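Naming follows writing order (A, B, C and D), and every chain is counted from residue 1.
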Amino acid sequence: MSAPAAASVGGATAPDPAAAVDMSVRLTAPAGTVDLAAGVLTASGCAAAGRELDPYLDLTTLGGVVTKTIMRGARSGRPTPRMAETPSGMLNSIGLQGPGIAHFLAHDLPWVAERGARAVVSVAGEDVEEFVDIARTLRAATSDDGPLGRPGTDGGVLAAVEVNISCPNVANRGLVFACDPGSAAEVVAAVRAATDPRVPVLAKLSPDVTDIVAIARSVLAAGADGLVMVNTLLGVAIDVDRGAPVLSRVTGGLSGPAIRPVAVRCVWQVTAAMRAGLLPTVPVVGVGGVRTGRDAAELVLAGASAVQVGTVTFGDPGAPARVRDELAAVVRHHGLGSLAGLVGRAHDAVRDGGHP
Amino acid sequence: MSAPAAASVGGATAPDPAAAVDMSVRLTAPAGTVDLAAGVLTASGCAAAGRELDPYLDLTTLGGVVTKTIMRGARSGRPTPRMAETPSGMLNSIGLQGPGIAHFLAHDLPWVAERGARAVVSVAGEDVEEFVDIARTLRAATSDDGPLGRPGTDGGVLAAVEVNISCPNVANRGLVFACDPGSAAEVVAAVRAATDPRVPVLAKLSPDVTDIVAIARSVLAAGADGLVMVNTLLGVAIDVDRGAPVLSRVTGGLSGPAIRPVAVRCVWQVTAAMRAGLLPTVPVVGVGGVRTGRDAAELVLAGASAVQVGTVTFGDPGAPARVRDELAAVVRHHGLGSLAGLVGRAHDAVRDGGHP
Amino acid sequence: MSAPAGVLPAARPAQVTAPVVVADRLGGYAHLVIADPVLAQALPGQFVAVAVGDRQSSMLLRRAFSVHRADPAAGTLEVVVAAHGAGTAWIAGRRAGDELDVVGPLGTRFVLPPAGGRVVLVGGGYGSAPFAWTAQAAVAAGVRVDAVVGAGDADRLCDVDGVRAVVGAAGGQVLVTTDDGSAGEPGRVTDALARLLEEPVPTTVAACGPMAMLAAVARTAAAAQERTGAPVDVQVAVEEAMACGIGICMTCVLPVRGADGATRMVRACTDGPVIDAAAVRWDCVGAHGASVPADAVGAPEGGAA
Amino acid sequence: MSAPAGVLPAARPAQVTAPVVVADRLGGYAHLVIADPVLAQALPGQFVAVAVGDRQSSMLLRRAFSVHRADPAAGTLEVVVAAHGAGTAWIAGRRAGDELDVVGPLGTRFVLPPAGGRVVLVGGGYGSAPFAWTAQAAVAAGVRVDAVVGAGDADRLCDVDGVRAVVGAAGGQVLVTTDDGSAGEPGRVTDALARLLEEPVPTTVAACGPMAMLAAVARTAAAAQERTGAPVDVQVAVEEAMACGIGICMTCVLPVRGADGATRMVRACTDGPVIDAAAVRWDCVGAHGASVPADAVGAPEGGAA
């Protein structure tokens, strides 16, 4: 683990409540390691590329900004309505609107670099070629002598690549990569091969599968350096007055605190399999319904090395930084000096018979 | 459809707000039809066998009491804690505690009959033989000349059998029937064969699968007369103070309004497949997160012919009857005279281009 | 348990929307007086279940509270609330004039000995909430009353003055204990209880508090009975996490031996909260939940589900 | 749009917890005065996003409200709230002394013509909320003001008196319309607007209300311009369902032509809410949402995603 994050980043005037706790997290790539300042990040699609959140929190106190999933070309996304509020959650159906990788590299990533923050770039494609294309373009833009600094190891802006194989909104003949172990593996292997070996490649999984451990196994075999769990659950809301679906394209992704128990379960199952030696052990990033530091701690205690804060940011733009501080307080409350010490403790409690 | 339900049941002193609306729903069995007084029922495991709810609502105004899933012998269930409250939901891990089919037939079902209400009996087993055994015992106890009256068609207490193939709590070498099309079909076929042909057999599905339409297809091919969707989602909650899972056996079933968008989605997908001719058309009973009549209407507009009210009953024991009245008000608001008229309307809206 | 002479049978429970007519403090606790004629029929030992927030609340489940006092003549029911998590914090924050959605009266009640008998009331933390009222009923029924009121610290003692007023006036003893000695004598309620049970007279102990305390009370009573030869009947009001409070969810169970000697997982909300301590399988009741005894009816082979 | 002379640049938005200092009614609407120095910097046309409930709320998303009035000297910001669904009902129910979690000031603002110019304000329902204040700014800047205030019925008219007080005092006209004729003249705001645009002078129309009204205002203005030959510049404050209000979720988009002539799905919360009506692709904006024009940048082949 790197030096205590709180000491080395940020310039807050108030005393940093996380000061005494090492909140950092280490990711590993085939040819290097990446230390993130804190095990709390934004979630893809819930922070744009960081800039809009700048008035509300200090991005440099986070492990990184996970960018809205970027594709090769510009995409208009879906018609509106694209959202529906649901109990303790929401549905979204954006359709991966975005400016395309070139615009992103020219305008968005440089801002993150200039701000002194890190980025985890989320990528997707409609076919394997598109994934590879984006990964190559990203690699070229973040070469050692490029304006965006050395990727990975040396603290350049690019901290990791997140492979979004689980977005239920992508129209791929009705199929989603993440629901099939074979195509999930194919995409991850291709992106891993096309990415700088010093940059970790994380595979983001969908909870909408019968057996998430099987999907995890296949993407790990394909070379994923870490897992991100979970993406949204597929859902539908009906406008009762109109007698029609709320969302323009009927289905959307369910997110928010409503789904947290599902996210914690996925993290639990996959890290239990790692502990049982059934899967190779890699860092797991937990995401789904984190509203408070205690929520984040649920994911960490269940086995996640880091967490992302998504939907809650819409209602509370300062949430990711607040969650980081609150999570640090939980770490301290457990008498620990580092976030790493909290990871997976609930498994130990069960093993040690910490149950009636 | 049968005569308006509200006119024929109940003896409330206040004017029945559902009076003008036909809330009934018809189920079909291989050798008969069953008309339920209303398309609103309790949900299995959320109403015991009805008696405890008697102080809070008039059970005869409902389509029926769906009983806690009953197994062959007595079961002690799991250690406690068995519950965790989650945002707009809860986890439960009861482990199918129950007195066994003999006690149920001697003490519980007669009470429902005496009260003048109907029962949908939920059954489960650890293997196909146990399912068949219970179905046979139930058939024997509800023979034409038995004390519980003629089953099915003639208005006896037994309105239908619900096959719980989807309970994630049953320890069946870690597998759940509902997650595998083959074993799901095997169980449904066996229960259908062992059940009085005048009694509809409904298969209750789990949302924790990659392709719910595939599961629906296999249980319909196996002879299910209707589908019930959905059972709980598998979830985990961690007690952050103790650093251990809240539930004694770690995982539990997530229910409540939090999961409603998933339930609506499952109903939508399966009834869309029926409308497209990809599945035979049978009644679908929607369950998951119904708190109000508008919530129930979401499931109905998405294609459900009836709904069940589960978790919300814990916090609001009068909820099933209230939801029935509120749903009737929605039906009226749409200018319709019967619940049946509302079924699946949101599909029509999409087909008719009721979208931007 | 059947109702002793002079005690009304338990009222049929109802779900009511009832106004809070008084909202103040009772020591470290919030104290709410709720006006409703059905709730006002509650008997000592019973509880009510209170909904949190409105129909948009993210907290779906009710919170259970022992009845602090019910007055059928005044048409009121009172509860004492410790703001613990988010739900109890919301309930504790109600003000006079607010309305609450309450289900009750629920569960079993304390069964007092006949006139001339003796009862010792033992309350830990908010567990002593019902005991000033219970003592009143006992005194009125010609039952002799002593009491132990304990807590972790002085702040968590509940209604010592109320209990003292009734029990003291009737000539009984009220012993106060705190774990940290910040009020009363330092130590556990069981230390004080043991002293009260030195007297060799048939005694009913009515206890309410955390599970670990209830188990210790049962042990202390059994030891006293052994020592003095005088029978000590212990009734405990148990506190199990409850999702429904009305018997439909099966979350609140604990292992209890029945009349037939067989152990079953019974519902604390309908077969309790007041249960005969001798019937409880304390060997399988822990601080964070209860396990299923291997010999329980329907226990999985091997003993662990 | 760049700030005209004399108008402050938009303040950097902040997330604040601020007290409600006045909670009363403005006709059929709730009216809240919130005290906060950052919010008080808001400019006409901008909006604020208000959180619903506390951290246990089941409603995660903020509700957007146009700024009714902001007063940097007093340090206050005012909103006018129609209790529509559960979230706005909660907000409308706040009382003086309660605190609100507010993000703002957000979005673009109305750009008034230079001194000597003319503006016509057109508000439908609560859409007229910002217009008494906007009119004040215009009058102060030497701009001539007329206004149309409309609604479905009398109950939904918003702040007619406030608009009248300012516009009337400055010698401008205020026309009131209701669909059902229950107040003012029967008919649509556009009927009245058409009359105000008969005068052949360059005019800026600032409009706020439902999407269908805004589209009709744009059409009416275009027709008037054609008829009179005098340029009519229309700025509309659009209302799209918003999950975040700050530009991070991409739910609030609508199709707008850019300076390069290409149509993009732009965010109503950051590129709006005040948008040049001539740039909006009204052909793809409906009552329940906006579709993606087939010629939009990044539109799926075939035109439908």
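Rule of thumb we're sticking to: a residue touches a chain if its C-beta (ideal position, glycine included) is under 8 Å from a C-beta of that chain, and two chains touch if they have at least 3 such contacts.
In UniProt terms, the chains line up like this: A, B = Dihydroorotate dehydrogenase; C, D = Dihydroorotate dehydrogenase electron transfer subunit.
Model, not experiment: these values are computed from the prediction.
Chemist: If each hop has to land on a touching chain, what is the smallest number of hops from chain C to chain D?
Modeler: The fewest steps needed to get from chain C to chain D is 1.
Chemist: Centroid of chain B (Dihydroorotate dehydrogenase) to centroid of chain C, CA atoms only: how many Å?
Modeler: The answer is 36 Å.
Chemist: Distance from the CA centroid of chain B (Dihydroorotate dehydrogenase) to that of chain D, rounded to the nearest Å?
Modeler: 47
Chemist: Got the chain C residues that touch at least 2 other chains?
Modeler: 58-59, 288-291
Chemist: Any chance you could list the residues of chain B (Dihydroorotate dehydrogenase) touching two or more other chains?
Modeler: Residues 79-80, 87-89, 242, 248, 256-257, 291, 355-356 of chain B (Dihydroorotate dehydrogenase) each touch two or more of the other chains.
Chemist: Linking chains that touch, what shape results: line, ring, star, complete or other?
Modeler: Graph shape, chains as nodes and touching pairs as edges: complete.
Chemist: List the residues on chain B (Dihydroorotate dehydrogenase) that touch chain D in their complex, please.
Modeler: Chain B (Dihydroorotate dehydrogenase) residues touching chain D: 87-88, 257, 355-356.
Chemist: Mind pulling up the chain C residues that touch chain D in the complex?
Modeler: 53, 56-59, 86, 90
Chemist: Could you please specify the touching residues of chain A (Dihydroorotate dehydrogenase) with respect to chain D in the complex?
Modeler: Result: residues 45-48, 52-53, 55-56, 68, 73-83, 85, 87-90, 92, 94-95, 97-98, 100, 171, 242, 248-249, 256-257, 291-292, 311-318 of chain A (Dihydroorotate dehydrogenase) touch chain D.
Chemist: Taking the complex as given, what residues does chain C use to touch chain A (Dihydroorotate dehydrogenase)?
Modeler: Contact set of chain C toward chain A (Dihydroorotate dehydrogenase): 58, 284, 286, 288-291.
Chemist: Looking at the complex, which residues from chain A (Dihydroorotate dehydrogenase) come into contact with chain B (Dihydroorotate dehydrogenase)?
Modeler: Interface residues on chain A (Dihydroorotate dehydrogenase), with respect to chain B (Dihydroorotate dehydrogenase): 79-80, 84, 86-89, 91, 179, 208-211, 233-238, 240-245, 248, 250-252, 254, 256-262, 264-265, 268, 289, 291, 294, 297-298, 301-302, 330, 333-334, 342, 345-346, 349-350, 354-356.
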